[in-house]
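Both complexes below contain chain A, partnered by chain B and then by chain C.
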Partner chain A sequence: MRGKEYMSVARGEATGAAGQAKAAAAKPAAKPAEPQPEPKAPEYKHIGKPTRRVDGREVVTGRAKFTQDVKLQGMLIGKILRSPHAAAEVVSIDLAPALALPGVMAALKLAEGKVRYAGQQVAAVAAVDERTAEKALALVKVDYRTLPYVVDWERARDAAAPQVRDDKPNVEKLNEYSRGDVEKGFAEADVVVEATYRTGVEIHHPTETHGSVAAWEGDHLVVYDSTQNIHGVRDGLARALKVPAPSVTVIKDYMGGGFGSKLSLGDYSVVAADLARQAGRPVKVLLSRRDNAVCVGYRPSSHQTYKVGAKKDGTLVAFSLLNYASGGTAPGDDVAEPVVDVYKCPNCKVEEHTVFTNVGAQRAMRAPGNTQGAFGLEGVMDELAAALDMDPLELRRKNYSTKNQGDTGLPYSTKGLDKCYEQGAKAIGWERRNRRPGERSGTGTVRRGLGVATSIWWGAGVPGTLADVVLYPDMSVEVVCGTQDIGCGTRTHMAVVAAETLGLEPKEITIKLGNTEFPWAPLSGGSLTTPSVAPAVRDAALKAAERLKAVAAARLKVESGDVVMGGRKFSSKTDPAKSASFAEVYRDLRRETSFHGERGGMPGDRYAFNTFGAHFAEVEVDVETGRVRVLKYVAAQDSGQIVNKLTAESQVVGGVTQGLSAGLFEERVLDDATGNVVNPNLRDYKIATSLDIPEIKPIFVDVFDPRINNLGTKGLGEPARVPSSAAIANAVFNAIGVHVREIPMTPPRVLAALKRKESAS
Partner chain B sequence: MREFRIAEPRTADELAALLNETREPVALMAGGTDLIDELKSGVEKAGLVVDLRKVEGLAGIAREKDGLRIGAMTRVAELAEDAAVARDFPSLRQAALSLATPQLRNVGTVGGNLCQRPRCWYYRDPQVVCRKKGGFNCFAYQGRNKYHAIFGGDSCFIVYPSDLAPALISLGAKAAIGTAKGDQAMPLEQFYILPEVDVTRENTLAKGQFLKSVWVPAPKAGQRSAYVKLKERGTWDFALVSAAVSGVVKDGLIAEIAIVMGGVAPIPWRLKKAEDVLLGKPPSEAAVRQAADEALKDASPLRENGYKADLVFAALKEAVLAIAP
Partner chain C sequence: MENKPTKKSLGGVSRRDFIKGLGTGALGTAVLPPLLGQTIVTKKGRVPVYDQKTITLTVNGKKASLVVEANETLLDVLRDKLDLTGAKKVCDRGECGGCTVLLDGAPVYACMYLAIRADGKAVKTVEGLAEGEKLHPVQEAFIEKDGYQCGFCTPGFLMTTSAFLDKNPAPSLDEIKQALSGNLCRCGNYAKIYDAVDAAAKKMKGA
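And now, the complex of A and B:
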């Protein structure tokens, strides 16, 4: 369910989840358009330039209000009791001893029948303070009958393994794809390479843990929620509580990250609302750091076996992929998009299976599927390049495609990947790489290497996104949109677009967002916030500017077509002596005036809309200790028109850092004997520290897409994450002459890979 | 968090008397950087927490005629910044700078570091009752044991996580133990005990006792030392394997050497066999290879920690080569 909703929105299609979004991506028409020469982007004053965050002061001075900061009068603290067992029958739950404790105001039974993973919610209490709530949780009496379980996905494939779900076996087909004839393709190949690449489980671990504050005002529910999807949470709560959607308001002011783990309604939000209803008082439920490791998702594991065939000159002739993904009680991620779509290859066959285990369900994590897929595909491309004795970058260019290779076959509206390759290679100094992987480079026990990897993602935005611009006679300008700023700088880009269009400065614009009472916008995931919201704001602001020109024309007694805006005034083109200041014209509006903007459609029936990127890493590897250090990193992105260069660079640095961290350190460790996660904390689940992060240089290749929306802008959040672990892994390959083929590339794995190389030679 | 009482004695005598009298489980709190976590998670079940921060005379570094005395309540950051430590005991300074993060070093103490509880993830899980907590099984033995012991494990396969302990032991440090009957001194090496002696604790401290200070003998002529810590990430990481080496190289040959490894055993692990191999040899890669191979004959890796054998060699090599003049 998660995957479908998320991915369809990510691909910019109008779906049920997209609510009021209008259909834009219709079925492909018979005649796809031919790629055309790229028009240039207009000259802007603010758009594409670095603008400091309009809310930066609020955040760094601690005034910004996060869900964790919300305190309401009479508010209770809710706590959730979770199953210690990976599989058990809940025989009985006795809340009475907890309810008898003074200060406990409400309690709920949450589990019925079976629990299927350690960490699943069983009961909840609300009490006057945290200590009382914790004591009460300990008093809840739960009688479990433990059942056999399996948390290791490889063991879960055995016929003898305990069945995780009642409705299906542990292994289920996830995805199938085929074009051409792979057997024929491999027969024609001069070189065939086959290898298996594994990715471990990466946990979102946002700085701000999940949480919700629920308050009933009569029949109306107000929920402060740490979410990437206020409208989705509202609709979900309305369904769960059986109340009409307009009776629920969801507010999210500031948020400390989500990375995909806060894309839909959380069960803790329902618990908060139910406890609040029972107690007749507001209730706050905050999850713990431990909860983040057991019950709010993660990037599922993958086990990808690739076979690739090529001609001597590097022309690809066949690809096959067999993947086993595991996402606990939920399906894993489909990782096939990169192999199906990145390179021109006539024959391609994919088979993917998911393996269920007694582990909490996965949730979408920053570029789900493509990130794992890029690690595998880009790894096998480099191993193929080595087998062909070819420059890995040359191999990628050789098989460059200008149209979708998958189901639609449509030409890309724009594709700046070639520019990403060119500018990125120049910035990293690609000529410094080892000509052959593992050729001696560096001194002593340290080897150096360079690697490249390619990114493909969606991120076109959602047609139908709404935003209002409100002009006030005192020259105030307000932009209102029911989107949410999950930390990426949405407030700032909205201000930049409105200021650009109205001839003002970004700091003069008042931004209102994060409330379901505001005009509809989609969830903030799938790299779609900017390409959905910015065009809607632009549309509203353009309408506002037109009105202002008409008002100025009346004051100047000229035709409104004769009015131009500039230098904070409106003037007549034909008689520049005639002009009116902004203040005068806004005053002439006489009352506040709203302008409704909408993100329009795009010709999805004739063009494919994607984002691209090429990442380059330089690493050093100590062949005695197995330690990898990243020395330098260049990330070249094609995300169309950049709206705010400063926050865009932050997005890229964040995406690279996350990929570095997942590539070298991060891994959830499960224990089959206890059925539990053994590292549910930030000491043993290791995230990159400041000492691990090198110089990261973002490059935007500035390709302007005239068809995608009125600003030519595309998404960026996920494209910056897709190839980052892969580029580092390929750099390690270039350094030591053997591909580690598994992330995170910890010292034991690097040392094992070196031994594999030794025994092969 | 469980409820507990807190006591704040003002003198070492008051502290010793309090520890002697009390009938309930006690936890001594120095910097509290780790104890607070243990109390919160419920792994530490003390009814009385004794805060040592107000006890007079436990903090500070003092030059004594024949060595350096480091009070148990000396903050790790002070140790790392001390000029005498930097000059006479480079390995101790390197160990101090390698541990935790600047924030933790500003609060954490030398005594707390030397008496910390293990980081084994089964021990730290409040739901797991392992041998260390009075249960019957070591869950790491057949479970997830990437970070566990390759030497000295028996009924329990923790590694002792301190960075300061291997450095101090290699420098010949002695521990001063406070008791109600006065102070006792013992080599720091003997302060730590293996699981086979008592699986529920990591040192000899009995009821009523506390670590008061450590004393490091003044360096011998030509003594050099080094601490090499191999970890996964750049900072805030315990050692996968660490090597503390102190010795004297005379006329190109190793005349004296002490090697203590961290991250490989339930206690700081003296590599006596490697010392014996290296004595009389030049500090070279070949000699270290031979020494490591000899020492590693005693290793019994578990399913996921065999790589530590490679790291023993790598850490030892770097540390031994560093003491060559």
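And now, the complex of A and C:
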């Protein structure tokens, strides 16, 4: 899933039948809401407090079963042969030599006609073990007729470059946006800054590679899939295999990371199902680490040219952005959201193009688009602040907006960005920054600096998400939802909400998730799992609590409205002497009883719902070696009501760390001469290690949103990633007095930037 | 392989055992290089070239004898032949530490260690870290401090940490960072992992 489809989910626009009905009911637009005093968040015992993961013991003992660990009786190992050529016509595929090898049980031809990137699947085999499968793969005979290709996006723009796709030219318009009159705006500006910012290709590289185990039981297919979207994989498989959706069950118990690369059906899952059908035995297909670098996506590159105009006092008057994004055979990311929406600015014009290349298709990666856009926009804001001789934080506050600046113009339901600025600046010691970039010499060859960057994302959650709470007469409580825990702590969040509502402890709640037989929930992407699932669980648990009160009322012979819950018992408000223990009341249920919950709608016609954050970084740069080290980091987030502080902190720490890693180290390198990725492993593709990570302080500003859902909670995973590379880049600018303008900020790029500064002065 | 742990049921894995009696690995080595089974001359004299060898390991305190291929890694043997899937295959080439196990108490990357070299040695995997239901202090600390997210790299971190704290019971933050630098956490939870290692050190001191 990419681009527009992913974005509509990220925004919380309803998907699925239940959701579409809700979306239809939410129209048409009413008058924008008037500002009104904000209600306070309720006092909670568990919600918003740190709660240890309810499945912690499973994980630390190695008992947690990941897709990689699934082993079924009679299971075969499937392997996929991939094209070594960036463009070729597949003339013929001969499977016979592979099938003749003892132990090989099935084989498939996967490519027909053209292959368009190195790493595209061509054939597959299933054999009794991995070694046999590998040998068989080497025996598959493929006759290719190689074709001209282009892997460099800048070369792909040439008229003479080989055409990547048959259906369209290499350059295509991706996005256009305009408000006001930018030419007039720039003419009125006292200061105009123009600069180009580039972001490289960042690969997801989840620790668990993509994979599936497929087993047919008659006409029914059971698939264990390492996925962020069990229902999506179920529906996709049903379509691909031409079977009804209920004939497919998708299970994901534990998963070793995805970061967006596991949001939709993978072709390897279809291969596993087809091989299993052919062999009549279960088949496991796991991709390799190399595969992760060539055929399951990455964050597309961007090349963003900004022009910004401002008055002397810092008031923004015009923005323009021209972007070239490249996502291989798929469109790149639209990066415009930050420039369109973060700051108040009357005139804004955006033009974005995508450039196709003979490289595997990109996939959404943690806050797609906004992350690249934040790097460019926040960079040019800091260069503008320097040109105005203004505090970069002051410039941001000066142009603060309280309503959507884009197409809707709706007021934000809540926006705690001002609090993020204030609390974050205090925590990092913002007054310690260089007043002018690069002005203080520091000691020896080391320069220090501080930077700030702003985050905007969606993360409202999806109306129509379902969850069940089941009460048992033995006082067991089960929460069931067809969502998936991708490492964010969803099991624990469900337990926290149910425990809070039912007066229990989180560890007393049994959680069931990760199975398409359970009630529908959306994919885990777009920072929408918690704001979708937690409100649905709350809804079901509230209904369960009402029933328990009614049962208690019957036992106590009082009116249901007279019953209160507390201290693990139900009592009469009017006669506190009358009470019944939880155990007694649950026993009175006599049978297990299910309560269905649903995440309700939100007034999207009257309010804009977004998440915000402000990140602050302190760095030191060695101007002789070009090496950047991050010394301290503060991440202030407005994600509404936090459900679990402990796992929320981890989300923020992870977002910052990934941003640091992408900002300083990570870059896919392609070889023009062969059309292949030359660093398809974890040694040559650098990922931050423990030696690179400073103290990271997460701050939650706790702005309660009474309209977004019944808990006032918003998403967090992506908001914590959006500004992290940008904050570090701005800190480097503050340290050395020149913006590096390209990530990753490798030592050669830092040194090149310093040279640019030298030659300018 | 009488000591092979019994296969755990994967609760709800399959609605029925629709294929019975089919073992894996029966046809494992269909093609053998010509040298296998012969001897070759080396500096140390003539040595046999194995295709397979029976080795004996002490795995999490239990003895196990089993036949392994000469070029099979310890990781594959643990995961495929002993059903110990705690150690994970992440990079399969010694770059990430996801497969870290202890060999006679020292951490090794099991994906880079040939199983035949482990003959006669004691292997400890994450499954052997707790004593029965009682978690090791390192395990407790990783839960308390939320020292992981997806949990896939966690077994490797736990094994590295337990060996490290045995050698250095009161580490500084810099020593912790150095000790963990051979383990990758793609979710990026290092900052919480430092807290967990620090908390584990304090627990072990108190214990």
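Remarks
Everything below uses one rule, namely that the second predicted complex is superposed on the first by the 746 of 761 C-alpha atoms of A that agree within 3 Å, B and C clash if a C-alpha of one lies under 4 Å from a C-alpha of the other, contacts with A are read in each partner's own complex, and residues count from 1 in each chain.
Definition applied: a residue touches a chain if its C-beta (ideal position, glycine included) is under 8 Å from a C-beta of that chain, and two chains touch if they have at least 3 such contacts.
Since the structure is predicted, the reported quantities are computational estimates derived from the model, not experimental observations.
Of the two partners chain B and chain C, it is C that touches the larger number of chain A residues.
Residue contacts after overlaying the shared chain place A:Ala688 against chain B and chain C alike. In the superposed pair of complexes, A:Pro206 makes contact with chain C only, with no contact to chain B.
By the document's definition of touching, neither partner reaches A:Pro576: not chain B, not chain C. In the superposed pair of complexes, A:Gly566 makes contact with neither chain B nor chain C. Shared-chain residue A:Gly444: touches no atom of chain B or chain C.
Legend: residue contacts after superposition of the two complexes on their common chain; A:Phe665 is shown touching chain B, with no touch to chain C. Once the two complexes are overlaid on the shared chain, A:Thr674 sits against chain B while remaining clear of chain C. Shared interface residues of chain A, touching chain B in one complex and chain C in the other, are 131, 683, 688-691.
Those residues of chain A whose C-beta lies close enough to touch chain C in the complex are 52-53, 56-57, 59-66, 68-76, 101-103, 128-132, 135, 205-209, 215, 217, 220, 222, 251, 254-257, 259, 280-282, 288-289, 486-489, 646-647, 649-651, 653-658, 661, 681-683, 687-691, 693-696. If you check the complex, the residues on chain B that touch chain A are 1, 119, 121-122, 125, 127-128, 139, 142-144, 146, 230, 232-237, 240, 304, 306-307, 310-311, 313-315, 317. The touching residues of chain C, counted against chain A in their complex, run 7, 10, 12-20, 22, 24-31, 69, 76, 79-80, 83-93, 95-96, 98, 125-127, 129-130, 135, 139, 142-144, 146, 148-155, 158, 176-178, 180-194. The touching residues of chain A, counted against chain B in their complex, run 84, 131, 134, 445, 622, 624-627, 664-665, 669-674, 676, 678-679, 683-684, 686, 688-692, 746-748, 751-752.
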